[in-house]
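Same chain, two partners: subunit A is paired with subunit B first, then with subunit C.
Up next, the complex of A and B:
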């Protein structure tokens, strides 16, 4: 590095200023208030773990339910994403590029838009019901499609799938064909090649995909609100309520960091599992 | 020739493509349906719902706000991110990994957490919520993408030509404007487009940082909670169209690189 180049580190200053003032400072403050309390709608400095204790006590059912759903979504989506990325990379030939193109289109397309569309598709007077009725398959509309955990899983899976495919595909792209062919020639079954050669080389991509899905699903509040119905009490919905007019921001903060903490623990455990099972030999 | 497992795998890929795209196509279809319910059968097609929506001043306000936010975020985020990536790309140390992790942090949090943290912070330091705070918030979560994209391009950059320009007497700025920028322009435009696509689509962070007023996604949210009428379809489709078009432009200019 020449001195002329090093002296231009100031170029990063505007970015650093925004990062510190609009990201680090808010996040630190938000963390600190999780140890405060709210009196008469005002935050009061304190140093207590009461909010965390209350989170675990009053919202344990909701936390467990949230992570059951988020974990289910993350496992399903990561698996589907791996198989799809595998087909794009190894089995699709010249259709690989168009398939990837579809993923990129689906990646955008609007967050709220997608949730809304699923609501209309699954609804009682919705697309599926009216289509089934028209075809004479059902006489009465099916009511169990919307407002339940399965609808939440479908909607969030649809949203996170493109997000999960990209990192896995990125990891698969750097795998060379030769060792795979060699393994086949030496008598390894297709499954063994995937298990022993392909998977160990893309485990970082798989873990990234899993983490993205888990974090996103665990922290979402719009899908449970619009799709989940009254009995789908996911924690995001409860966190969001703490920031309304009668909310308790300190409590909301403790709930948010509890969710982040659990996410980190789950990701660490799943990461350990993936790295032990898929060892590079 | 393909054997059975390969055929099954390809069939799987087709099913996934159908799963990913059908909802979006269903939405476009029902934008033109003349019935006031989103149900089959479609008895006829009409543009009336577009007219109904365009009559509402609130829609134009939301669209205008969205354009202001997205335009500003596109410019500012790209400027800040590109200059930071320039510095970052030249750091050769073992700290690059951890630094990248810190840069990515804003997008590794659930958007809900970023939104409520900013809301709490802004109301404590008494910054009035409005488009300004939305823009600040959007800059924070679009920055990682810009930096990632531009930095990836700069890693393989041949600095000898810049040194050549400098040796021939060009200032740093002139060397950047006349040499570096034209070479990496597609990447920078691509990064700006990605930032804009993310910004125009964002609902969660905007919801907490806007105070009053609406962007297109928060306008859609308001409609979802109150009306049941097909103009919702059109707002939803417009958001989808904006993000898809912007990201297609990004792909086109970068030609799949970066």
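Up next, the complex of A and C:
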């Protein structure tokens, strides 16, 4: 590092300060209190793992269910995002940029707006039911579309798709065209080119996309609340109850950090898998 | 010569309104080292891409070793390419790059190792096998690209301006390398270049292209000594082009000399290579039969080591003449009158309309 660059290190200071104050500090605070306990609605310092034990004991079903859904969403969305980004980068030619722009516009639509869009599409008086009724296929509106885990998967997939496309597209952009041709020339089928040349070069982008989806889906509590119905008991809903209804910030924190922990473990495992499967041979 | 290995028959390609390659017919024989030579944008890469299978021709037929490959994809053609800019796999090591084609074909590991070893020796890359291709020099990358294609033992090796990105010194040594490799493996090479020296130095046959047309094809000597058009003569080496007019079997040059030449009446261009000309002072002495003489004034004289370069002004033109180096005393001095002389057998008279 040259002195000129080192002396500019202070430029990062405002950013670092904000980051430490609004992100790291609160996170540390919640991490610390996750080992405390609540007595008569007051937080008491402690150093026990009781909250974590209780989380695993009382909420394991919900945790497993949450991560099944989150994992499903992350896999579906990452796959779709790769296909979309691949088409935009390599196949769409001059339509690539407009397509990408559409993705960015999709990011502007608010979170709640999207939830209500899906409510409108899937609901009893919704688009699908009206269409089916008009066509005379059903007499009674079908009710199994909404208020179930599948509706949650659809809604959250729709929401996280643009978030997953961007990191993958970013990774694909730095891949050059000519080596793909070279691979074809050396005998690779179109599929082999993707497998051997494209995927190994965008592993990080794929992992980032997967992580974003997983973390978002695992921590969300609004979608399950509004669309998931009574039997979709995802952990986010329960954490929110701990902080709100039960007023037990210690327990809530322990549950939240359990979710973060599981996320990290899943990301690590999926990352290892991606880096092994798409390794250079 | 027998049956050609590659046969291009009326092959053409247009991109919208732009015709990149007009219907073109060319035979390439086994063991040939063919240079496709032409200025930028004349369709060289398009032609090579049609051979490789990346571009499907609009019309015509491509045969390799008797098989019609016009509609066969690049992955199933017996051709391999060294790309403009190399197109190495940036996420692989030197070894992985070279081995890639064989790995695709599921060769046993032992055979892959053997053949990679052979290639590494052939292109002198020993010791670099484990390096990332992003961490080797341009010349070394060039060798990797060559090895990666050659390891497939293609019927035809295609090279798209393989040396263009290298500096002059490296380019010269890589030219020698290419010649050595071509001789040692005895393959058929087709390479594209816009550098006529490279084409002359490497190829045993040259195909000159212009605006999507194949203008002339032949051995380097043929193309150099008997260019079919003015474009070819200018493109291949230095040439003096002297405009003139032919009337009933006699050409009168604008610069003021005349000689007999068969052909139809009309404007002509007479092409003479600078080294085919010599300078003398005739002082009114008669010229020998079969020679052409033109009077001019020396405007520049440069000693180039192995030869002298003179620029002689003649009416309406400036002529370049190369002569063997001479002692300081018998050089032609600046602004002196001289006679430029050449043999009629060394000139080419081309109809220009």
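The working rule: the second predicted complex is superposed on the first by the 258 of 281 C-alpha atoms of A that agree within 3 Å, B and C clash if a C-alpha of one lies under 4 Å from a C-alpha of the other, contacts with A are read in each partner's own complex, and residues count from 1 in each chain.
By our rule, contacts are C-beta pairs under 8 Å (C-beta built on N, C-alpha and C of every residue); 3 or more make two chains touch, one makes a residue touch a chain.
All values derive from a computational prediction rather than experimental measurement.
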Review point. Given the touch rule stated above, what does A:102 touch, subunit B (first), subunit C (second), both, or neither?
Key: first
Practice item. Applying the touch criterion given at the start, work out whether A:189 contacts subunit B, subunit C, both or neither, answering first, second, both or neither. Key: second
Point to revise | Broader residue contact with subunit A after superposition on the shared chain, subunit B or subunit C | key: B
Practice item. Check the residue A:280 against both partner chains and state whether it touches subunit B (first), subunit C (second), both, or neither. Key: second
Practice item. Please indicate which partner A:176 is in contact with in the superposed arrangement: first for subunit B, second for subunit C, both, or neither. Key: second
Practice item. Mind working out whether A:197 is in touch with subunit B, subunit C, both or neither, as first, second, both or neither? Key: second
Review point. Which partner does A:166 reach: the first (subunit B), the second (subunit C), both, or neither?
Key: neither
Review point. Residues on subunit A in contact with subunit B in one complex and with subunit C in the other?
Key: none
Point to revise | In the complex, subunit A residues that touch subunit C | key: 176, 178-179, 181-189, 192, 196-197, 200-201, 280-281
Revision key, fill the gap. Subunit B partner, complex, touching residues on subunit A are 1, 4-5, 8-9, 11-12, 14-16, 18-19, 22-23, 25-27, 29-30, 33, 43, 80, 83-84, 86-88, 91-92, 99, 101-114, 116-121, 123, 125-127, 129-131, 133-134, 158, 161-162, 190, 211, 215-216, 218-222, 226, 236, 239-240, 242-243, 249, 252-253, 256, 259-260
Study note, to complete from the structure: Within the complex, subunit A is touched by subunit B residues 5-6, 9-10, 12-13, 16-17, 19-21, 23-24, 26-27, 30, 37-41, 79-81, 83-84, 86-88, 90, 92, 103, 105-106, 108-113, 116-122, 124, 136-137, 139-140, 143, 147, 166, 172, 197, 201-204, 208, 217, 220-221, 224, 232, 236-237, 239-240, 243-244, 246-248, 251
Review point. Can you list the subunit C residues touching subunit A in their complex?
Key: 52-54, 73-76, 79-81, 83-85, 87-93, 96, 100-101, 103-105, 148-149, 152
